[in-house]
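Read through the structures below before going on.
Presented sequentially are two complexes of chain A, the first with chain B as partner and the second with chain C.
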Partner chain A sequence: MAKTATYSLISSQTTSGSSTTVITFSSIPQTFTDLVLVVNGTAVSGGPDLKYTFNSDTGSNYARIAFYGTGSAAFVARDINQTGTNTGYLGTSNTTNILNVPDYSNTTTYKNIVARINAAIYLGTWRSTAAISSITLTIVSSSYASGCTFKLYGIEAYK
Partner chain B sequence: MALQLFKIATVTVGSAGASTIDFTSIPQGYTDLMLAYSVRVNRSGTTFTQLGMRVNGASTNYSTTTLSGNGSTVTSSSNITGYFGYESSSMNSTNSTGNTFSSGQIYIPNYTSSNNKSALIDFVAEQNATAANAILSVALWSNTAAITSIALNEPNNNSNFDQYTTATLYGIL
Partner chain C sequence: MAITKISNSGLVNSKYSNLSADNNYMETIASTLLTGSASSVTFSNIPQGYKHLQVRHTVKASLDDQDVWVNFNGDTGSNYSEHRIYANQAASIVSGGATSTSKIEYFGRTGAGTNVFGANVVDILDYSNPNKNKTIRGILAWDNNSSAFVMYTSGCWYNTAPITSMVIQPQGGTFSQYSRFSLYGIKG
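And now, the complex of A and B:
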């Protein structure tokens, strides 16, 4: 049997103007092993969190732990029973977020998100055994600046 | 579906060592860059030392914020230096356990854009001895030029990279 491996761009979006507050990736193919979401850009103001929800679930089914450094001190933060997982961040200078969602299409386990942002690592959990078919990124108390890019990749394991 | 992670180039240091590792004429047809490396240098009298990285030969407009741990202490720092992510690395050096190399990965999205360039840098240096480092960093190059070259070196003492040091540059669509 031929071996295959892919790291494929599923979909990408780029903001125009400065009023966008929600980005959604829907109808995510279920043919990959893991998902990787790369976000790059700035917020219009402040240093807002990016809140992720899956499959339009806005119930209190999310948790997060964050480990981060500010440049002068190190912190850890913990949230449970949230209506989204705040595992993202955009500043007013160019910011990069890389989220990994392993085994997103399984229907047996809850889903985890591992995110690298600035000098931080976040782990989020969505308490649902459903396969992830959509991802929504909501910027909290701000908006996406023009030119923010959002790229969703699928990784298929080498067979 | 087509593979969209491409190896642009790999450098493997030979027995003579190397003072620099250079990626030049980087193709501009990708969206993001990822640099993965396994490094060791021959700086005498040290267990770990910093990795220097410059893009497009620039020596200014870099800043870094770092979160690091050494097994007993966690610290965070900010720096403005002449290197991309200067404090975000900790290369195994002469006094570290033999044959141990540190590993790192740098992800630079939108490297051809006309925006300033940010990067996420992850670095680990383990030697199965008392000292070790795990580092998470963000680095910013405040320059709107597209990145066309990346150069690595050991800037504190201009030591050589040891044999078997490797660095691979990937382009991502």
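And now, the complex of A and C:
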């Protein structure tokens, strides 16, 4: 069977102005195996978290563990029973977030975000077996600077 | 001409510093979604036409929170090493490593609890280069809202042979139904 080139761009958004606080990807096709979301940009102020919710679920169904270093020490941050998973952040200098959402379309497992942000790794979990059809990114206590890019890719496993 | 290199040299606050600027830079090689339990998963006859490999696996085993091991090309001799740093829900941060092992012991981590699968993304760098020992690096994690685990891992197979096969198995128990193992080639 022929190999398939994959890691396909599904959708891309770029902020204009400095007042956007929410980015949503909806109607996500269910034809891939994994999703990868790449967020690149800055916050207007501070170093705010990015809070992810799936399928408009804002119940207390999310958890997060973050593992990061500051250059002088290592830290762990832990949240459970949250209304979204803070699995990313943006600084006021350019920050890249690469988030993997494996097996997003299956209906038998809880959903994970495995993320790498600069020198940190995060795991976010959504305790639902529903297939992910939408992703919302809310920046916490700040707004996205103009020119932030959000690119959603689909990775298709061999069939 | 396809974009083959991204550089931010000379640019300030470049927005082109991530691998994902390329579209369709991966190719599917093989994948298995377990329909029942399995003691191991094997990828064989791995084609040699890529720059790197990536294994993406979401796994659960009959025993919770197990390491996932890998052997390359059938080698079970003491020809591997690994290093890791990880954290758990109690904010314990641990580093460790081992040398002269008979497998890479942190190729993945299985989940713990109902519907909780470990999420693992592992790169195998320069897998087909006959002049280099083979290196892996990975992010492994799971969370069941009570306990959690997240790890950076690296490993080495002290052999310059191109990787043509790999056997993946849990430290204990068997892989569970709905575990998925997918192998991709990364074009260079």
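As a convention for this text, the second predicted complex is superposed on the first by the 155 of 159 C-alpha atoms of A that agree within 3 Å, B and C clash if a C-alpha of one lies under 4 Å from a C-alpha of the other, contacts with A are read in each partner's own complex, and residues count from 1 in each chain.
Definition applied: a residue touches a chain if its C-beta (ideal position, glycine included) is under 8 Å from a C-beta of that chain, and two chains touch if they have at least 3 such contacts.
Being a predicted model, the structure only gives us computed values, none of them experimental.
Superposition note: with chain A as the common reference, chain B and chain C are in steric clash. In the superposition on chain A, A:S8 makes contact with both chain B and chain C. Of the two partner chains, neither chain B nor chain C is touched by A:A131. Touch criterion met: A:T33 reaches chain C, while chain B stays clear of it.
Contact with chain B, but none with chain C, is seen for A:N118 once the two complexes are overlaid on the shared chain. In the superposition on chain A, A:F67 contacts both chain B and chain C. In the superposition on chain A, contact is made by A:G147 with both chain B and chain C.
In the superposed three-chain model, the partner touching more residues of chain A is C, compared with the other of chain B and chain C. Legend: residue contacts after superposition of the two complexes on their common chain; A:I98 is shown touching both chain B and chain C. Shared contact residues of chain A with chain B and chain C: 5-9, 38, 40, 67, 74, 93-94, 96, 98, 116, 121, 147, 149, 151, 153.
On chain A, the positions that touch chain C within their shared complex are 3-9, 33-34, 36, 38, 40-42, 63-67, 74-76, 78, 80-81, 93-94, 96, 98, 100, 102-103, 106, 108-110, 112, 114, 116, 121-125, 127, 129, 147, 149, 151, 153, 155-159. Chain contact summary for the complex, chain B toward chain A: residues 1-5, 31-32, 65-68, 74-78, 107, 109-110, 113, 115-120, 122, 136-138, 140, 172-173.
Interface residues of chain C facing chain A in the complex, by the touch rule stated above, are 13-15, 17-20, 22-31, 56, 58, 60, 85-89, 91-93, 115-117, 119-121, 139, 141-146, 148-150, 152, 178, 180, 182-185.
Looking at the complex, you find that chain A touches chain B at residues 5-9, 38, 40, 67-74, 93-96, 98, 116-121, 147, 149, 151, 153-154.
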